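Next up: some structures, all given as structure tokens.
The same chain A turns up in both complexes below, where it pairs with chain B and then with chain C.
Right, the complex of A and B next:
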């Protein structure tokens, strides 16, 4: 008797690529891939053909040419005689600065709004609901324009500080809030200031070590040590003592109205503040929803169990709920950080010179190298986004549930 | 990003179309409409009026070309462009010509492969400041915040001027002239710098123009003119000679008012050649014999366009100055029609 052949060992025929479920998926995917490759290759070929026909070419030589324009906010040295490459670097750093500050502010705003939205207090919960709904349902460009508009109109311009009876005065003669930005005193480090700084850093380390010691003692012996007042004491006292012992080596440079603008001190430009604030309240609304989702994902039994153990509500949130909620919150948080970074390319709306403003704006205009520059911009945003993802994924792995 | 990416893609797509494109003149005639790139809004030069119809000095050039080519000055599709996207739009074929107070420079002409067909306004970069600041010269602007449109030659001139004079400033970049005006009037910047013509336009838009003053320094040469793509010389000739027709008409005393008289025949052969009653100039351009008549009838000759849109009797109040005919001591000069 002949046994029927095993169906899986059936002889392979080409019709199986379409008819057999096991291969069909691969066939379609492969076809799609081939079409995609051909489409991209066609576009690339078409581009080079047409550029050649117009006598143009792809070249990055312009990056070595002096840029010729000035940039207001420079984190590295830059003059109008620096190269376009240098101008791009200034833009990159400005993008990173606003993205970094924005992510921190958005996280703080988002976590607070998310927790408060779950508050038992009706008014607080509703207020936060309104915040979230208003801010995430209006485009971010509008928010940037609104914030910047309010900033320019609501705050006095430097000229209001001038004259015998000025319309506006400085706060404590040290801070000036103007439509062009906020001016604050700048510390001047004279000789001997290194002692003060070292002492201050040492006391920070001491605070950290003490809190660690207190926590270990609490876990091991169940004896809670006070942490708040020793931390505050360590933070201020040693540094202040050394400051006076060394003869007050750190001075202050106050901003002063000179000519058209304030001079001296630290100046946070209005464009940076407006952009950063608008991006963070907008993204904060999304983060608030992530936080709320994360908290609600933790079973109510956890709260009740913690309460049954006699923990205070703040302990319940900080020690029981949030650590578990983080596992749910972090992955969507990563994409919010990416959104914020990419949205910062709207900076030109308020005249903030980020990478899109320098390389993708002025350099593009002055050199006319649109294709090269857009490719470079895409590469930059891709690298930044992948780096943020990588860092946040490392963090996510460190807090996720350890399965052994 | 916004526009640049879209336009980058469109450049790629547009170039693809460009390769297969016939002459621009044929395209415009087939389409029945001229696509003309203009400013996003500059009082007196290019701005839609209350009923949404574009008006202005640059608009006049577009309308004249449309009239010469299609016989209808209203057959124009105006494409408002920012300084950032104007050249990409032209090179990609999105527009047929650009009449957008654009400075003729070596780099734009040679490296960007554009073709400036002439100069319709000789300009120079100046500074607008509030009178209250008490500034009388641009060299007193040390430390000032200056509003400037990004992507313009003015940005480079400004950097050079302040570097040469060894004084500092704070650039406040903005994207459009309207935005610059808003910022300037809100006090976000002390000074607004751009071409003197646009400063006159901004000053005219102020609540009280007398509280603002244009400083005497003109720090650059800004010959503004219409431009087309490199490589399509027939189309370039059409735009160039339409502009020259407007200029020659003023020189020869042909206005939109007396043209009907002149068409009947004059004893000046150049007027006759210009108006197509003698010779075959129109045919050589690939247009009808009365092409220049249409162009002049669209908005008047060069002088009429100037006086009606930006002249001393308009809110802008710009005197002819360098833009007077060469016979009146200005620089406006057209090659002969023969």
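Right, the complex of A and C next:
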């Protein structure tokens, strides 16, 4: 229906670009775009002026030049003759490593602290409240420095393990906790070890299939099959049998004290452990709050209804409360993971060579290519953040309440 | 008619007997709260043991603390082998920890006075019971504080304030003609005012002068406080604009805001500080020299603006759409509707979130120590720990830093929780 006063009948005039609500939007957007382009052009012009004044250019050639510095913590082959690109890759992997370990540890700490904070044990609840408040309200940088100090001061140096009557001893002769890091046994895979690994993986698959079968049977026929003992048996027995049948192909390389330091085994650097621990205990405090809020968001009626159905307390928690609480907990948990990953860039303060330490630290100082390097750094963190949130959003959607 | 009572029925109640000992007072409380089940008993004992161990290791260190002495060796002499903290460092390096190592000691009263005035200025923002007239002081405060901390003639801040005031008055006047026109006119008026004021400042260089302190001399906890307050207060208006832009139905403006917010939220603050340290100078016109503290303020402001924008977007989304429609149907234009109807409600809902961002940002100001600025952490890691006198006094200094931050941040977060309770009452 066309009303007599319908404005669409009016002829377009230029004053409408300001006065008419339908066209004003275009004027605004156009102006904003023009301003943005001019601002960008101005900044770009300044940039070129400054660069030519200093005789610089934008170029990524420096990535192919040998880096010339050593990185002590590395997951891939690297020598001081490798390129800056290789050094950055080492840094990237170190960042991912500390973020991954940190997220796992933070989740464990956070979930425990969050649940214990709701405990009906007064002293435990209060202790957890103190933990959460203390760690949330002090900067993470200070925590990183304090924790790394504790690791350096409190743990013995490797030389304390020497002599007839050493001040420190190894745990089970296999683990050494020193100020330089933690030494652990490293598995050595000899010939035939693939049989053991394949058998072990097959038995894992078998456990999974069996549990699935048992559950389907329970749901379809109401017949509960035992799951616990068959699982444990499947987990251990076949792998052990194959292990001895193949003549014990998997050995352990134990760390040994040679001279002033330990040799052999897996060596986790003190800086990695300290950083991981500091980040996870800091983020764990935030996660504890999220977990507590998530559990408290589930109304008490749910617990009572489950109890009225005759469920055991552990069933109530696992089948009724947690699945619902997870929906509330997951989104803030994702942002905590993101925060942890971004905070891992503070590794530079304790000398852990993550991407900020290699590319943004030594490479930046050596080559002076500030703009390129900062751009690369930002790009890396942006990709990490966006992909973590993308993956987590998919997961979040999959557990979301399905409404009809 | 007589009322016959059966003699075997009691007329009065038996006096109540006291509950059994196990059901009252401390015993009951302990039974219920500490020893209700085997698991609880184990947890209680474990936590008591943990508390005892912690106390046992920290208490002698703290109680034996030495408060006098001029170097760490003096501490060791006084302690004579016993475990104990060397708190003398806090006493001897107090000015450095709080003001940095270059701020002239004769001028310490200025930041102190500015900090006291900050409490007055912030009171009407935090507590609705404080007289609204104090808001006038809040508006004046930033300029006053700048004069107090940086020094120089008072004419500079006065001209800056006059420009802002003229801009606000002009845009208020023209608000009914449209948002863009008002903003443009305000901007032009401010510019004119500042240009003319610039000449005035040049003439009256010696009018009410405080000895000027360059930015690079700021340091210690004062620098953390300056960065925190300046960046939070600057980022709130910017965050509001970004949030409104993100809500807008104009696609280009919306996408500019979305890209900016997501970009900033996706990168760590430390990379933005690298930008401030080594990159930003390239984007200013040649021959300008913008000092590091200002560059850092710009980057931290952009950083927190993105986070505040997300908080405010949440507040805007929480408003029922009826509010927007009601404002439109009253014939208010965009600026009026936002200023009078939408923003007051949206901001009120998002205050706790903004306070959280502010706490996080204040904690993050310690990151400037990584780009070699001497804030509290930078002072500790740099000049103090590397000095020969205090080499090795690690825990005392970091415990002090942690305590300072804890007091401020815990105070702010308690305020935020209090405010949340206050706001809850009038909603539900």
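In this text, the second predicted complex is superposed on the first by the 359 of 404 C-alpha atoms of A that agree within 3 Å, B and C clash if a C-alpha of one lies under 4 Å from a C-alpha of the other, contacts with A are read in each partner's own complex, and residues count from 1 in each chain.
Throughout what follows, a contact is a pair of C-beta atoms (placed from the backbone, for glycine too) under 8 Å apart; a residue touches a chain by one contact, two chains touch by 3 or more.
From a predicted model like this one, the values you see are computed outputs, not experimental measurements.
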item: Touched partner set for A:33, first chain B, second chain C, both or neither; value: second
item: Partner chain in contact with A:120 - chain B first, chain C second, else both or neither; value: second
item: Partner chain(s) touched by A:68 [first = chain B, second = chain C, both, neither]; value: first
item: Chain B versus chain C as contact partner of A:106, first or second or both or neither; value: neither
item: Partner chain in contact with A:365 - chain B first, chain C second, else both or neither; value: first
item: Touching partner for A:242 - first (chain B), second (chain C), both, neither; value: neither
item: First, second, both or neither for A:53, with chain B first and chain C second; value: both
item: Touched partner set for A:357, first chain B, second chain C, both or neither; value: first
item: Common interface positions of chain A, toward chain B and toward chain C; value: 43, 46-47, 49-51, 53, 153, 345-346, 348-349, 356, 360, 364, 370-371, 374, 377
item: Touch list for chain B against partner chain A, complex; value: 1-2, 4-5, 7-8, 11-12, 15-16, 18-19, 83-84, 87-88, 91, 107-108, 111-113, 132-133, 141-145, 150-152, 155-156, 158-160, 162-163, 169-175, 183, 186-188, 190, 230-231
item: Touching residues on chain A, where the partner in the complex is chain B; value: 43, 46-47, 49-51, 53-56, 68-72, 79-81, 152-153, 157, 159, 179-180, 258-261, 263, 270, 345-346, 348-349, 351, 353, 356-357, 360-362, 364-366, 368, 370-371, 373-374, 377
item: Interface residues, chain C side, partner chain A - complex; value: 32-34, 36, 40, 43-44, 47-48, 50-51, 178, 180, 249-253, 256, 262-263, 265-271, 274-275, 278-279, 281-286, 359, 363-364, 366-367, 369-370, 377, 381, 394-395, 398, 401-402, 405-406, 409-410, 413
item: Residues of chain A touching chain C in the complex; value: 18, 25, 28-29, 31-33, 36, 43, 46-47, 49-51, 53, 119-124, 127, 133-134, 136-143, 145-146, 149, 153, 342-343, 345-346, 348-349, 356, 360, 364, 370-371, 374, 377-378, 381-382, 385-386
